[in-house]
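The following pair of complexes shares a single chain, chain A, combined with chain B in the former and chain C in the latter.
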Partner chain A sequence: MSENKELLFEMKNIEKIFSHVHALDHVNFDVRKGEVHALLGENGAGKSTLIKILTGVYTKDGGQIYMDGKEIEINSREDAANAGIAVIFQELSLIPTLSVYQNILLGKEISKFGFISDSAEKKQIQDLIDHYGFPVKATDIVETLSVAQKQMVEILKALATDAKLIIMDEPTASLSSRESELLFKIINQLRDKGVSIIYISHRLEEVFNLSDRITILRDGKNAGVIEKEDIVPSEVVKMMIGKEVSESTASRTLKTSDAETVLEVKHLTHLGYYDDVSFEVKKGEVLVLTGLVGSGRTEVVRTIYGADPYDSGQILFEGKPIKPTISKSVTNGFGLIPEDRRTQGFSPLLSVTKNVALTSYDKIAKSGFVKASDEDKLGEKAVELTDLRPANPKVKVGDLSGGNQQKAVLGKWLTRDLKVILIDEPTVGIDIGAKDEIYNIIEGLASQGVAVLMVSSDIAEVLRVAHRILVMREGRVIKEFNDGVATQEDILLASSGYVENQEEA
Partner chain B sequence: MKQMRQETIRRIISLVLLVVLIAIFTFTTDTFLSWDNIATMLRESAFVGIIAIGITGCIITGGNNLSGGYALGMICMVFAHLYHYTSLSLIAIILICLLAGLVSGAFNGFVVSILQINDFVATLSTGMIFQGITYILAIRNQYGSITSEMIKNPTILSLGGKFSNGIFYVTIVWLVMTLIMQLVLKKTKIGTYIYAMGSNRKSAEYSGISFIKIKMVVFIIAGFCSFVGAMFMLGRLGTCDVDTGAALSLQAISATVIGGAVFSGGRGDMIGTFIGVLIMQVLRNGVLKYGLTTAQQSIISGIIIVLMLVFDAYYNEYMQKRTTRAAAIAREKEGK
Partner chain C sequence: MNEKLKNNPVMKVLLGNSRLIVLLIMVVVFTVLTSGKFFTYKNLINILYAVSLYGIMITGAAFAVLVGGIDRTVSGNAALSGAVVAMTILTRGVGGGNVALAIFLGLGCGALSGLIHGLILSRFNIPAFLLTLATNEVLYGIVQFVTGNQLIYIRECALMDYIGQVRWLGIPIPVYIMIACVIFSYIVLNHTVYGRQIYSVGGNRISSELSGVPARRDILIAYIISGFMGALAGFVLSSMNQQASSTQAKNYENDVLAAIVVGGVSMRGGSGTIQGAILGAFLIGVIGNGMTLIGVDAIYHNMIKGLIIIAAISIDMASVPGSPLNNFLRKFKKKKA
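This part shows the complex of A and B:
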């Protein structure tokens, strides 16, 4: 039935080049009237670049865009809005202290001589809400609403501007399953009323259930377009990954069964973040927690380091139960490479030497005084151990490239006697060459007997460094991969919850 | 089971605090609730209150204004200077003072919005500039040292007067201006934009609201408040010196914060600020009646402000935790 619907929107041969790299290479993408069209692809496949072009954040370097058959130019957010394109932002863009109707009509108030006619505004918005049957009131204050309701207000805001094409980027990322169900109902209603939706999600199950069509991107190119009737999950995943036989962890298997356990967590629970998480990390082992963003991985690691609280469960270090605090963790020989290195990893205005010395003042300071030569020795050691470039410990960390900044952060811990290192997304925003060096440093640490607990969303990276892999989903560990059985497909399907739910059904 | 909003709780807390303070002072001192004392308190409040009207607008946009009191002092001195050294008519002098007020506000707005300087630092600096101008304009004797001169103009002096029931004119002006500002904040487009800008600047700008325009508006309103305050200050004192109004900025900011406005913006209104001004005044007047020193009053006011800020911080964190937990529990139930 959907085949004979006419096209609303079409992008042809779209090109985008960032410093000689083809981020988008002759990509075609179209949306029919009243269609839910999913856009799939791994991180870096070009999804967000494409969306940014069609919302006017980026300007395309080549190709054409058509709306209702007419060619249009989108060079700004206003152009996109005028063309009837609206985005439901992942980070909600509402004004928390204003009411629903004030938010929807912001900048478009109904007023006489500058005075707002509240009653007319309330009525107009309540009518709109009733038309779609959303469970919110026009007079509700936004900050008292749930995340799902806020999302509905965002959708209403789009509808109030007569948007014909609504883009939803990971809309269920922070919704409970019941709230997600409600959102799906709303999406179906919008489709029935003729609104077209571009749907982006890592959760394959909902994509498969919801979409009329799927466009798959890989490495900035079209990898396929599939109609609803033709969806075969494993085929879709293969198209996303693009390899017939994908890598496995076989080469990375290590005989760790006889090594002693350094870190163990038992039934660790922090309500609302993660639930009943248990695992152990042995001496010289690299254990990776993977899964989607928001699945609770980072929070587990932060709890073990003492940066976040927990409700119940036990953390054992070298067989003894501990209640972690950050300062105790540092003394015990724990190190943390945090998720956001810019805000949590280093002090940009201080030199490499000073940054590295920060974790070691307990060792080198004598009654509060520090010899500059002791600091310098640490800085030089860090540069040498991490092969930092430029090889000058006096450089401010803020002036280094992303990869070398991360090496400086690693240097903070490498110069200490480490027993456990907790690493959270170590290579986000780092170029490929430096990534490999960082993997080598991590492997080096493990071979020296350090227990490594790492969080990563990059599946290629997980397979590259892990001895064992735990997949987390919605706060729980749902799958463990041992001894080289994991493939990219396995991990992707497990993290998106698809396999698990198939088995239940 | 709807959660109470931060504003509602803060309003209740400040109202209860005001009532409790009034009750304590009424029962423990003889003269607190006398008509004369009330009229005097309302006059003193009025000066802080008029400056606080301007400051409330600035704070709701997520900014601040440390220069309001200095601007008031400068405008007083502009008046005194022109009155002493020129033969301009009273109307002309007042119009020049009005202009000085509006320009001082526009200058603040320019520094904050066009030069993009943080409000706190910007108005700290402009406050110093205003104070410097006050010194330049100050009236000097033949040896060059600063003197204060009595202003004998009856029209100006009459501004310091009162109605037959003992309520001062300035009190009424304060109340009327407070009401007008409340109306502007809650019932007009510009008011909605002021809240929107303070609550989520990016989103407000994406809705087509100009940051520069909103900042200009709130600072020019503040400049106008400094002008009105200055005219009544002259009427009350009959003179002015280089320190006139200097203490008002901090008192007005304190009152605004006690009334529920938060520095991160988006919250607060004139009713809250009005209550805040009264709390500050009742406290000052009441402890004075106990014979406490200025130092002790100051410490008590400081502690109250810190407690209010601590409340804001903990309330937000608590609410966030509660929401996450509620969502988790809901998810648990669904699972079963």
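This part shows the complex of A and C:
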């Protein structure tokens, strides 16, 4: 594999500037023929900007791009496709009711005198499938396929247009481990046939196993290129994080609280989602569940709230076992800040007041009737407690910025007497200023004695607010950080499958 | 506009409700075009009388739309209720107890129909439009069965005669029934927890459920109210006509839903008011009546009504940021500016 060192694709000194910020600062990146090349970096390191430039979504502000040694310009998706660059989308773009070959040839149908030649289409695609040895049939209907198979159809779609360079962005995010294995086999087969692949994943384990080379980006700059033989996991993580990161944000001193336990979970299991999860959250404590997306964190939190079922195990609230339902949870003093605020957090057409009051009608209504003045008080209180802007509770939540929408969702629960708050990825898509305010709110809740259970993938965020940290992977808690110093590196290694201090094989 | 005029309470109401302005303009236009014939006591009462039936149905059907669904069975429920009332009176006589039983059964049928629809639609992910399109046919089938496909005359039932014939202060009783229903719906939607939950569930069911709102129960109740109001309208209609037929109220659901949309209730749920929906009914009623008086051929009525509905839906769609229509209008505005 590595004997073929001929370059297929090269980007030199790529620059991209977004409103005075250097998103990419003289970045170099190249891919050889028949190579799996991983692109690594933390969120915001510039990976997606680079990919968007090479697929024609963004135009570069400087630098050159070469394909097969010739300089090319990529100004649109068509340019990228013509150059032989294809992306396998995370959200699959297939039409479920059509067959595999119909999907692959969509818009490129083989026709004679205006009539589609079905048999020619089937044959062409089946030949393509056989050539690469994919486990699908040309005539399969897409909606009957597994997620991994659908991904293969996406790959076939790229191959049918003679793509020479295929970009896979987190392709295993929605695959089971068995399906992932299948995908890795396919990737290896593609490489053997001379196709080049740019592979992006947060799962370092699979990156290290698959890649022939790794390019690491950090803060929009090149942080290093490593050949397969030279990969040392902890070194790679260090390169991703950077040495100049200050101690305060890169680590946190944790401490187990000796306050009373408010919420306890024992051997909680929901088959297919998470397995044998146990932990406790104490009064005034912030326990963070971290790990990769899809590791079962959200499902655990939803189960505790009563929004999802479970198969076995026990949930204890203030020492007593409970069988949660949402309405019981709300009366017990639980609150939930859901994963995706737009679809799960608020009613966009309603005002801040009406959204906030929704959780409190048990308190303010008299025999089913509501007084608007009571609601207004709650709305004003929510605005005050969260410093919501504009400071007008009559504004529709749908018209607010992301950060203020999240504050409105927080306001739903801050206006109640809370005992436990479950928070799922509270700052996704929120600007830095509002993030900090939300962390302050969370810390404020903890200092008032509320038990906080939070899910977060953002390591900086985890280290900012956590009192204790649990790392989940594939449905299991694989590491706990209770006392002492936890560093960014420790957490990143644990989440991506490298648990060094724990003998668990 | 000067400040004094802006602060005038009448102006405030008008500025806050563009439909009211449109309605008033329509009234003036038709009055002028008909050289006053439109704006006579008799004609205005005619309009009120005609709109009252739709109005009663709207006060129920609006719940289904607001909660994020739709109920096309208001007409079927009306027909069934009329038929059940008529058949009960026909078989048992017009004694007080029998009439009470008849009304109980008739309205009960509507509520039961709503209960069944609510149970299905709150639990299963079936498009409400399709389900109620189909079940409305089923309901008319049941009505044919109940009436034996005959016109059933209701004679000498004092209460129904009273509702159908008598006027208080010169205004027919059905108008008062409609006003009572509007007040009921207005209070429920604006002053109760249930009303708040309706808007919330209609706007975002998942977030409402996660906030502890019993969305299933709320949807169920919405369809029961819709079924009940449909049945009530059917009873009133039978009182007006002193008969029940197997085609009673047929296709009324189209005008009811049209009025709801024209009245500014979003078909996506979660936004709109009952007073808006009633104004929508008056707009459609006034336009129909005015066109007849002017002498517009009846064949054009539906066409014009259709155009008005398209206009209303366009306004609804254009108000959603990011929708193609909204983007189009934005671009258009930019070009002008």
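FYI, the second predicted complex is superposed on the first by the 480 of 505 C-alpha atoms of A that agree within 3 Å, B and C clash if a C-alpha of one lies under 4 Å from a C-alpha of the other, contacts with A are read in each partner's own complex, and residues count from 1 in each chain.
Here is the rule we go by: a residue touches a chain if its C-beta (ideal position, glycine included) is under 8 Å from a C-beta of that chain, and two chains touch if they have at least 3 such contacts.
Model, not experiment: these values are computed from the prediction.
Novice: In the superposed model built on chain A, check whether chain B and chain C fit or clash.
Specialist: Clash - chain B and chain C, as placed by superposing on chain A, overlap.
Novice: Between chain B (first) and chain C (second), which, if any, makes contact with A:Val232: first, second, both or neither?
Specialist: neither
Novice: Does chain B (first) or chain C (second) touch A:Pro348, or do both, or does neither?
Specialist: In the superposition, A:Pro348 contacts chain C only.
Novice: On the A-aligned overlay, A:Leu358 touches which partner chain: chain B = first, chain C = second, or both, or neither?
Specialist: In the superposition, A:Leu358 contacts chain C only.
Novice: Classify the contacts of A:Glu109 with the two partner chains as first (chain B alone), second (chain C alone), both, or neither.
Specialist: first
Novice: Please indicate which partner A:Leu336 is in contact with in the superposed arrangement: first for chain B, second for chain C, both, or neither.
Specialist: second
Novice: Could you look at A:Gly368 and tell me whether it touches chain B, chain C, both or neither (first, second, both, neither)?
Specialist: Touch partner of A:Gly368: chain C, not chain B.
Novice: Which partner chains sit in contact with A:Arg178 here, chain B, chain C, both or neither? Use first/second/both/neither.
Specialist: A:Arg178: touches chain B, not chain C.
Novice: Have a look at where A:Gly272 lands relative to chain B and chain C in the superposition and call it first, second, both or neither.
Specialist: In the superposition, A:Gly272 touches chain B alone.
Novice: Between the stretches 92-100, 128-136, 164-172 or 200-208, which region of chain B is in steric conflict with chain C after the superposition?
Specialist: 128-136
Novice: Any idea which chain C residues touch chain A in the complex?
Specialist: 191-197, 199-200, 203-204, 206-214, 266, 270-271
Novice: Quick check on the complex: what are the chain A residues that touch chain C?
Specialist: These residues of chain A touch chain C: 305, 307, 326-327, 329-330, 336, 338, 343-350, 354-355, 357-359, 361, 365, 368-370, 412.
Novice: Quick check on the complex: what are the chain B residues that touch chain A?
Specialist: 2-3, 5, 7, 187-190, 192, 195-196, 199-200, 202-204, 206-209, 266-267, 323-325, 327-331, 334
Novice: Touching residues of chain A toward chain B in the complex: what are they?
Specialist: Going by the criterion above, the answer is residues 77, 93-98, 102, 106-109, 111, 114-116, 118, 141, 143-144, 146-147, 176-178, 271-273, 474-475.
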